[in-house]
Structure formats: structure tokens, C-alpha cells
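Working notes, beginning with the structure itself.
Chain naming follows the written order as A, B and C, and within any one chain the residues start at number 1.
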């Protein structure tokens, strides 16, 4: 076998901020004082603020060293299922930093915020076009907030018809944010099981749909990486009893220019700009979760909305049936700039191609690994595929052990133990930005690990060994939480 | 396209392995009636160079420094951001990594978040802080929901001097729940009137912002006493955390939960987002807290390390019974705030906060001298309300043409305060800038 | 995780289908989760218990038990009023793993109906249900 991608090298230890520094140091250039001191009531002020005093060099070294302990998409392949860890274009980062955008106050008079409003208006149109929906709100600050917004829209819709529905159908493959968003809205989730093919069946949905059910939350493609083939029939069943279809668009990367969510029967859909539209994950955020709706839900969208008249843009509150606001201002504009830049750089053909290549990569991965790991559903997959640790059970090796060992081979592990319907799930989403040679390296590493599971299982249980730390005691962290220094 | 590495040969080779003849065949499971018809109607792709030009054109229309002098605060504050902070935030190991669910190769993010939690807790005077929520508004909504869960009571009281847009977000979040929202009016001096609390029962929380929307510093200790007398939790919110470099923090005044907007701490204003939802509470309520938490622990070799912990509160485990539906935090923004706080240090932050205070006091005084009435006598931090002539909107337009944005009209938010304007002067406004504003206003 | 035949299932308690145990101690009934439950959960990090004086019916949820990655509901094996809860579990939740039937006990109940205890499974019957599950 060729030399492993994962190797060892010198990285440095770095203490906590308050374990370094010296009293009197500063890393900040205090602005020139051109006004006199003004008195302030001593009763209002605090004696001393206990923040560490560090020089600029202290800080730069500190965070440089910390960054070197991290693995990012720029480091290597990051095949986290359902996260779409695709390459984050640097030119998009630059656009977000442009002073006209970065330094803009949200409450500027519209006459001096035309550029931002125009960008938002255009992005709304692009997202509506890509999803096959009619209207968009960019306000939700993340996918989960987009889901909450979707639930609030559905709630408002039923309320306007004088109805009070208490339930919502949630498939067993749903991401945890689905039932928790529904619950925040006062809905009780009604579970429905996927069939043996890993999809929702119309019969199963018909069995639970009634006039007290507000609708259904469907992820399509679903979290098993499969297209929900019965979606139109399911939508009809739900609509027939006055319900609405919420689409979780986290997996949109599989179907841009290929599937039309509007045609599929979806009434409201959220998107994750930090997944499909290449904005970076930032170690956990910020993201952006726009919602796209059919005309019937447009009146309820959050305000203000960007409207255009004769080439001038304004922010309008003139939507009396709006659910209100989920964000203080207009959403994560800084993230929108990056998504807008991405769409302008790719264009229609390349977006479709991205989806095609994402699906190509996942299917290739599926074929190459299906003898090595147990494939949960041997069907054509979309942009991700799900395996399990069944083949490794005889050696008492778990998904967890294999995931940890992958790090030593120079890869970020795939998503593990999700979706819950597959025991010991391993969900691999390569994305379209991974080249064939990187996929092949990953496959090789997996095969080597499966072999180790047989020959030398203890190696896996001791993994990872090349990272900055070994496996961590999560039990102690939860039993005796130490959350601040 | 430079982000799509596949060559025609590679695609062919891969299709062969899969057993398909074309990329289209990969989508056999997408039914005809779900297919996108025709091509996506989007603008033709543009090159990197054309993109630069396009964005340059769009951004040139925006009223920003140094060309424009913007005297608005109201939840978004102009502060200098050290170049070292901006630079460190471009390190792609921070930018392009995911949530640290695999701690062994995310120790950078995890230690940084642990440090952020600690600095936040110290700044706000609280025992524990989470790894951030989306923004100050949703943080307030989450705080109220947390108080309702913790006390098992259904009524909350909110000051009318909390940022009006935050209160609207709270209304949206709490709308479908049927919880009771009581609004506390204001006193003549620009602070919250707490007298309504006397007659309220079954109160889960009392929420007050300080400095409040008018810039006035509230008596948080008094709020705490009144809230606790009613067995309610005291929630202190804020939009300008720099104030706590100088003022007594909410923790020292009895707050049970503190939440607010951290954008001032090294995060660009960015037309309103992304921001930073800072959130802290007493340790005894930690299991009811929303959002991610990073904890310290040791590895197999006894080395110190950090992990996400108390995850059973969160949606991926607790699902519909979770403390919140939140999944992402605003990690990169929290990182910026930690870097910024570390750059300033305790003494540096106090000095900067004092400068902010003194700048806005200078502007206040010059406006007084020019014949304007300062609407509220309560001490303020870096923004304040001024009463202007009834036709001031004309002056405002005139100033705008001169590239001066003279504050924010309060009329849309408080109709009884028509022709009162909220002005903000941070360390970014020079004496000359402020003199120019006053000069133009008088003329 | 343990095989079914490795589990510790003492004879002096009775079992529920939710993997709790109960035993009568004079006027009181004591309860907790059994060896199968603690083994499945893994390292227990937190136990959420009710307060003395709370009342629940048989089968009602009275608390939760958490490991690092999972939460499980706790259901009353018999109905009644809570007389006491094991406060040692707050500092030492690992007692549930180490000694589920002894120091890891969870609640002491004043039962409302003695017949409910009789209806619980004895060890052999419970063991059969576990084997059937496997």
C-alpha cells in the first residue's frame, strides 16, 4: 500500500488564554483620545474586569497553534453524511469582507443600502428558481431556525383558516431538528416508519394522516441518501386532508436542476446555505436557513421583505398576515453574500453538474465499499450512502472504532450513528468537490481498516493515535461538567 | 469549473464501476413527475474577475465608513476590529471545519469555544455560558423559554425598553405556545417602570435590557430584587456588551440568565448578520440551557482535552423533548469575540469602554449647547436619545446628502416619541466627525 | 455489552418490560433500573428523579436516566406516592452501573395498590422476554 495520508508531525501544546499573558500586556491599539473624560457615577461601574492581558504576538501564536489541531475541508476529505462538506471558495469569502457589505449598518436608510437589498432580492429569486417554489425568506439564521419558521408558517396557515391542528407526521429517518422544531411550535410529532426499501410509503402516511394533523415533514432525498419516490402520492394524501408538506432541504445538493420540489408537492422548504451553497461551516456556524414557499404561504413569510419598484429596493413591513420575525434584522447577510457569489460563479449548468457529480461520487463510493462494509440499502443512492458495522461484529469492532481509526489514515470520519434506523450507521457523503483519487485513497483506507478489524482489532480500539489527543473521557465530562475556567 | 475536479475519463471510469452509461442514469429513482422541466433560469456564470467587479459595484452603493459617518447603534455597533483578529479568522482550519463532534481532530475549535465560554461568563459575571446562539434576539426568546421550562410557570414580563425588534422575535417564538407576555412600561427618566410587577402572579421571568434601547443604564439590582420577590427568574439582556467592560455586570446584580448580542466584540456589522447570541446562566440551571456546551476532560493518557458535553439536552438526542431545536451555534463569530476580548484584555476593554462613554457624552453636550433637549436624564453608555424639531426629517435628508447619517428616528418603534432620534458615538467617531454633525444640524 | 446469560438478574426482585426492578420492603416498595438497562445505556452520567411527595400511576414516567449519548425514560413499576429518592445519585450516578439493585436504587414508593406488584414479572419470565427480544 502507498504511504498513508495520515502522518505525524510537530504541533505545539498551547495553554488556555488565562494561563498565559502578563498583567499590563495588551494586544489592542487604543484609539487616540480626542475628548475629555466625563464623570460616571462610581456606583454604576465595576472595579476590575477579569480578562487575561495578552500581547498581539501571544494571541496570534495562540490561535495559530489551536488552528493546527483542527481538520477542515481544506485539510482533507470530510465525508460527513448530511452535512455536505464541499469546498468553500475563497473568492466568496473576499466578497463578504468587502467594506461596503461588512461595515454596513442594517438600519441604514434604503437609499444607501441598495446594493445589499438588490443582492438579497436576487438571491431570493435564485433560490426560488432552484427549488421550484414561488417566494423566499432569507431571514432564518440556520437550518434549524428555517425549520422552525416553516412550522410557524404552517401554523399560521391553519390558524387563518380557523383550524387548530395539534400533530405533525415525522418519519423515523428524520434529523433531530425536525421533531424538536415541531415541538417548539406546539405540534406533537407522529412517527411513521420507512419501509424495507428505506423510503416512506403512501400507505403508511395514509394510515396516520387525519384532520388533526397539520402536515408532514419530509427530507428529500432522505437521510438514507434515497430519493423519496412516493413523495407526490404522499403530498396528495396530506393535501387531501387539508395538511401541508414541509420539505427539509438539507440534502438539496443531490438534485439541483434535476428535481423540482414544487412539482413534488412540497409547500414549504428550507435550505442550508452552508451545505448546498458552499458557505463554510466555521467550526459549527454561522449558517443560514432560508425558507422557500408556494404562493399560498407567501402572506405569512417573516418581515420585512425586500420589494422592488422601478429598480429601487426597499424593506417592506406591509404584510399584515406575516408570522413576524425570527431574526432581529434580515438574517445572516454575510453568509448570503457568499451563497450569491457561488451561484453567480456556477450558473445553471454547473449547479446541475455539481449535483450529478455528487451523486456519481456517492454511488462510486457505494460500489467500491459494499464488500468491505455492510451496505444498509442496496439501491441506487443519491449524494450519500449508508453502511453499518455488521460485518465487523464478529471481531467485536464497532462503527466508533473504525471512525476513530480513519483519523489516523488522514480522513475526517463520516457521520456515525445517524440515521437511527440503521444500527451502527456510517453515512458517507463525499460531495462533488472530491476528486477520484481522493475517493480511491479513502476506499483504500477503509479496506485497510476492515482488514485491521480482523487481524489486529485492538489497534482500532486504541485509535486515534496520531491526533493531538487520544480518546476523551466523555463520561467524566458529563458527570462532572467543567464548563468554564 | 475550478470547483469540479472530474475529467471526462474519470467520469467514464466511475460510471463503469457503478454499471451505468451516463450521469443521467444515476437519477433513475427520481420519478418523471418530480423532475425539473427545462434548465434552471439563472444568470450565465461569471469569472472570478467579473465577480469582483460586480460586487464592487454593488457594495459601492452602501453608506459606510470612511465615506459616510453613521451615528446609529440600536443593536448594531461600529467598532474598530484589530487586523490580527480578522487575519486569524481566515485560518481555514477554523473556517472550513465542522461542528466538533469528533473531538480528537477538533481540539482547536473546542479549546477556543471553552475559552469563549469562560470569557463570556467572566464578562457577564455568570457561572456558565454556552458556545453561542444565533443572535441577541433569538437568545432572548430562548432565555424566556428556558425560564418557563425551569419554573414551570406560563407568564413572563418584558420591559418595553428592550430592543423593539427583539420583542417582535420573542412574540413570534412564543406565539404558538400560548404563554402570557406582559409588557412593562417606561418611566419619565427613560428606564423600566417595574410597578406592574406588584400585582403579577405566576411569573416565570422578568426581562430587562441594560443599557436599554434608549441607551440608558437600568438599575438591574432593583429588577433582580423585584423578580426574586415574585419567585421569578431575572433575565438581563443587552445589545452592547462593550458596556460591561466598564459597568457593573448583570451577574453581580442578581441575574439568573444573561443573554444578548455580541456583534460589538470583533464581528463586522454585515448589514445585520451573522451576529452572536451570547447566553449565560447560573450553574444550577445548566441542564435546562439551550445550545452547545464545551467541557474540559482528559484523554486516555491523562492529557487535558475538550469535548462537547451535556449533549442529552440537545435535539440530536432528545428530539422533541430537547431544550431547543438549535443545531448550529455561531462558532466562527464566537471565535472572533474570544479573540477580540483576548486582544483587549481587562484593562484594555475598560479603557475602550470609557472612551465610548466619553465620546457620546461629548456629542450629547455639544447638542445641548446647540439647543437640543436630551430626552432622558438617566446616565447612558454610548448612545442616547435627543428630542429634535418636528421637521427634523428634512435636516436628516440634508445631512444624508452630506454623507452623515444622523441617528435613528424612534417614531416607527415608539410613536409617542416621534421626532426623537437615537444617536450613537463609539470610538470610531472623531471629535471632528461629531463637530461636523453638530455644525450641519445647526445650519 | 453483555450477553443475556451474563446479566445479573436476582431472584429477590420483580421486573417490568421497561427493564426496571421493584421489591417490597415492609410498607414501602423500592425500585430502580436493572442490569440489562444499565448495560445498554453504558456509563450513566445523570439521573433525573422526582421529589418526595409526588404521585404517579403505574406506568407513568417519573424521571429520566442519561448516558453520554442517550436518554431513557423511567416508568413507575407500581403506582403510588414517592417517599424518598436516592440523593447519592446526584454526585455519583455511576452507582446505577456498579450496583443497580443496591446502592443504585432510585425511588421508594408508598404503593397505592399491592396487587400491582404481584402482576410484575419474576426473573424467569423476564429472562424469557429478553431472550425473545434477542
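Observations on the structure shown:
As a convention for this text, a contact is a pair of C-beta atoms (placed from the backbone, for glycine too) under 8 Å apart; a residue touches a chain by one contact, two chains touch by 3 or more.
Owing to the predicted nature of the structure, the values given are computational and were not obtained by experimental measurement.
Put simply, the chain farthest from chain B by mean CA position is C. A comparison of C-alpha centroids places A closest to the centre of the full protein.
Looking at A-C and A-B side by side, the one with more C-beta contacts is A-B. Chain B and chain C have Cα centroids lying 45 Å from one another.
Here the spacing of chain A and chain C, counted between their Cα centres, is 39 Å.
Our note on geometry: chain A versus chain B, Cα centroid distance of 20 Å, whole angstroms.
The set of chain A residues that touch two or more partner chains comprises 474, 477-478.
Residue numbers of chain B whose C-beta contacts span two or more other chains: 311-312, 317-318, 321.
Looking at chain C, one finds that residues 45-46, 66-69 touch two or more other chains. Within the complex formed with chain C, the chain B residues making contact are 287, 311-312, 317-318, 321. Of all residues in chain C, only 43, 45-46, 66-69, 93-94 touch chain A in the complex they form. Listed in rising order, the residues of chain A touching chain C in the complex are 417, 474-475, 477-479.
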